[in-house]
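Shared chain: chain A. Partners: chain B in the first complex, chain C in the second.
On to the complex of A and B.
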């Protein structure tokens, strides 16, 4: 499936607004910074907004974040497009982020990637037809002595092998 | 070999070493409690820091005590201490373990730094993917606050230090300290022009000191056991132990905290030697930004800042990436070039264009489309990337490029001529 077009359609269809509980969470972050530095909370705020919208950000949500922080909307877009953890299009229920950087490559991340693609029947930056998985190639995850490594949603999986990949995906299916 | 894992990793054989109790039982917060009781002066602590010969563990190896002396503790206005836990240099994964297993030692180190520099507020900037380390650090921080050790209004003391966890969202460049400060201010991670340095114009424009997680975690033990004890762990001008993240083609990859100045051959032995009894080919001794060195150079070298600099590379972040004889150097450089191309923030032309250019040239060599003059072109592009940008991300690719061509020219030439790797199986 073509992630981009689908994503844009969804973007129009998704009318989710920043919830009150998300706002409360953002307010807790705001207590960490000087009063006139509300902008400092934008990175955590976008994480919060993304987490409550099934892993991706709509323009509406970014605007809600901007309004809640009382900062220009464009300064929020600037951040959401700069950092790789934000998704601006619909993603699968699970994000599979596999590291292929040097230490992982030397420990045969190629075999891990091949198995992921074969099992999920998608390439990097695609989402499975059932909407369950999005596959990503990422840079060093900072766990290199346990290479190869992937980040599945919020959990690191280390010393991966194709067999381990089968098992991990199997447990989610 | 002895002497392993006893500064930042000293608690690793304890049960649940990350808890407040475990840290206190080990002697943790002793130095900070002395400071709270008014038993240590700023001058004393600063002198101890200088005498310890602790050098920054984040990459540049700048003497920590000297850095701390750049901030005037008595100058008016808010000052900040910031911990760099953005760990993203390929090969590097030590701060993650410090945060997961010994978070209190980072907290205590930051508090002591705050005291010395008159900074009453600190932030620990942790990369966003580190869900588990973020949680561990935050829990530890709440424990320290509950114990009355961290905060702006502590009982029975004039000292104040408040600390907060901040998180990133995926950008290698935010490890560069001024990009990190921009990011902490809620902006995209564009490095700042220097000067002014953070000591004068840092977070929110206020005097700020940024240190690496491992640097901060080394501080409490310097005060606990004395600067002499610490400096003698290492060799002159390279005090203490250092965590080496040994990855790649070794039998026992892992984080090893060993005395600075340990011969590489001993470190390799600790890591179980080269896998499958293969021959060592090359090592990147200090993270992906450090120039590569060949096996014969490495087997004679000691792992400290000065020895590695003398050999034309650097100790960097302490990430030791080991490659055996089966490794294709064209493939390795291609992957590194791709990384820097992806992560260049795009602010400076030589970096934005240069990283892409290098990446495309190496990529085409790897895919059998190399041209006879590609190596000269690579050399030339690399030379034009060095020293021309706001931060050193461009240099961090250009210097490795030059080192790969210098050490493995034949292998690149072979690939260009034959359209395939000189190394079998690649």
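On to the complex of A and C.
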């Protein structure tokens, strides 16, 4: 998703810099790729930077990643704007990504979505007022066999029902 | 190896590893395309070049399908045309129908191809996507809604400009081409993306809405700003220059030109242009007719020649003057009876002028730079001095060449330097001598007369290693940049580079400032040699001595000494004290109004016919694109009439081509046995001053009078206001902080500049730009300075 102007301004207001420990983690990834192909580490590096900054990336952090990897800054922006796993605007503490593709839809993901929206009182691509949850509609998560599915932060929740959604959210609250 | 293929029924012999589109292009068969460009990598993302290949189940992109033996291709079969038309329809889905207000209209690849492959009306009736425009700076206007994502501009940045600033942001339908963060492009060749863009997404900002492509007339021109001599097409309408675009010449500029070549034309119509002759009477400027002005000039020159001596007159020219102008200038001076004529205005050291070749040239063709195995670049910043030579060096690097920089400042280049030697500026001669010593140790067979000098220095491991690399290379080239040429020991550096070449089986080339330094040497605009290198009995004064002698009369051609000369303050002093200063110039400056007595308005390079000899020795003649503004006249005509009025022989030319022919005939006179290239090396290096030394450089957009007046170029991110740059160590020693204003003084003048900390500068050296009003008050461009807190 391309960041909006407001989003970019907000991002610029956040002064977080890539920490030394994050750089060390990125360096560990760099050892897995050929030396002259430092660019290969951009995806894990962006994840590391994002995790460190409460789930989203600022332009400053992307610049830090680019400078650390010694690649052009715009090459990092290309990657971070291409993949939906990177957030370029502030997000909630938890990211709820629910699949509405074919298999999930046939297994009534609509009910799951309706319950999520009702409980969180937000629509897709919105964040709750308390900053706890961001709701996302995503494409296939690759777990069709157990549809409907959602990804909550890093955890897959499968064979969902509205009741299961209540329970999962309840455990978080 | 050649193989046989067939395209549209034509049997063709083509290179084995080529793509279908290259084979078709070479055979004159048109395949529509947007993303393919012969100078860029293959992206195959527009799909416009789909063609029908026999035995293939579906159409294939001609740009990304290699030819194979016996391949049969049809570019206009039913299958091919259907595929091409479908692609066209998709490309037009989101493209706005705004051709009437689009600057690209009439010269647009999309428009042209849509005419051949598009449908009459669109079947798409939903809303079109719109994209916010980006601000890419003062040179390039954007209308990103028109973008078809061919990515030519993105690939240009990475592959040609060497700086990746544009990218594909987002994905799928929301893909946008841009910089993500607002950013002006900082490449010195950035505006080539205007030509590359097949639609109206990226257009020429200063030219915007100025003229339609079909209204302009096209004239051929040659770049007047660097020694490459890039070929130009100058577009003009109703006798006014509208814009400049590249003219393809594979041997010189390929399909590119630098931004300086493209946008300098914006300075041609500056308010500073003088369009009527002017004389100063009782301290007041008066506009007069040519006859009066010429009369005053001639009378002044005659009086000084008769009452004092012809040798009390000095003539100085810019190296951007044409061959014909420079030839007539020296003919005029030598006709009056003096050899005081020079164009080397930025040079500080003239000690070895007799030893240099007849004219500075590259030992290889410009295009062959990319074939070198090793290039040593001494003193300078090729990217911002000679952008298209730098492009060739960059290509050499891409081809696997070793590129070594020997510089007093660890400058940033748009390619990875293989190795570098960064030494404090005053120690540059020592470093080169040490490399020579290492070379002579490693290559004992090579004889040299400089043994005593070589024994006076020691070569460390680094010098030995550089010498080893030079000796190991079969095809190597040593290039001298602006810092090396303008250095206070510039003559010695040239000599040492020549010694390096002879000991290291290499060759030396100079990258001279201005468009026609080679032509100036050939024309004889130097005090110690006549046209075509003819010996003169008694050499005249060189630039430095002309200023130091404070002559009573100066004749300046296309020159603004306060911005163009090495020792600008010395020049200003001499001019102020002179009895007569005649300026043949397209522009006036505030300082000129003070020191000049006669201003004769001359036509700049677009308004005169002439010839430039580029650094590979190629003569390129051009005619005037438009007639001279107002009363201004081509300088060769002005000089011709001056010659006539001074009653000198041989000034009866009717056309500038007669002068060119006369010079052409002189090429036969070049005597190869002349006493040149016999360097007499000193037995030891000159002592090094321990104080703070100044390095002066001319920023790319302050390089000459036309460029300095181009407002769009002055507004680019590479046009910084003048600062005094120094290392952290030196700043600490002087207890100065970044951004603080300091007083920089030389002899009896001082200026105030803000401090910039730049740790790339070696030693007790400060880096100060020239070509600014702020820095004109300083003396020697390479010499000691005093720095004090304000």
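By definition in this document, the second predicted complex is superposed on the first by the 162 of 173 C-alpha atoms of A that agree within 3 Å, B and C clash if a C-alpha of one lies under 4 Å from a C-alpha of the other, contacts with A are read in each partner's own complex, and residues count from 1 in each chain.
Rule of thumb we're sticking to: a contact is a pair of C-beta atoms (placed from the backbone, for glycine too) under 8 Å apart; a residue touches a chain by one contact, two chains touch by 3 or more.
Keep in mind the model is a prediction, meaning the values are calculated, not measured.
In the superposition on chain A, A:72 makes contact with chain C only, not with chain B. In the superposed pair of complexes, A:59 makes contact with chain C only, with no contact to chain B. When the two complexes are overlaid on their common chain A, residue A:113 makes contact with neither chain B nor chain C. Once the two complexes are laid over each other on the shared chain, residue contacts for A:122 go to neither chain B nor chain C. Applying the stated contact rule after C-alpha superposition, one finds that A:91 touches neither chain B nor chain C.
In the superposed model, A:140 makes contact with chain B only, not with chain C.
Between chain B and chain C, it is B that contacts the larger number of residues in chain A.
Comparing which residues of chain A touch chain B with which touch chain C, the overlap comprises 75, 78, 82.
Chain A makes touch with chain C in their complex at residues 1-2, 8, 59, 72-75, 77-78, 81-82. On the side of chain A, the complex with chain B involves touching residues 32-34, 37-44, 46-47, 71, 75, 78-79, 82-86, 97, 100-103, 105-107, 138-147, 151, 154-156.
By the touch criterion stated above, chain C contacts chain A in their complex at residues 158, 163-171, 174, 176, 179-181.
Against chain A, in their complex, chain B makes its touches with residues 78, 87-93, 95-96, 123, 127-132, 164, 166-172, 183-189, 204, 245-249, 253-255, 284, 288, 319, 321, 323, 327, 331-332, 335-336, 339, 342-343, 345.
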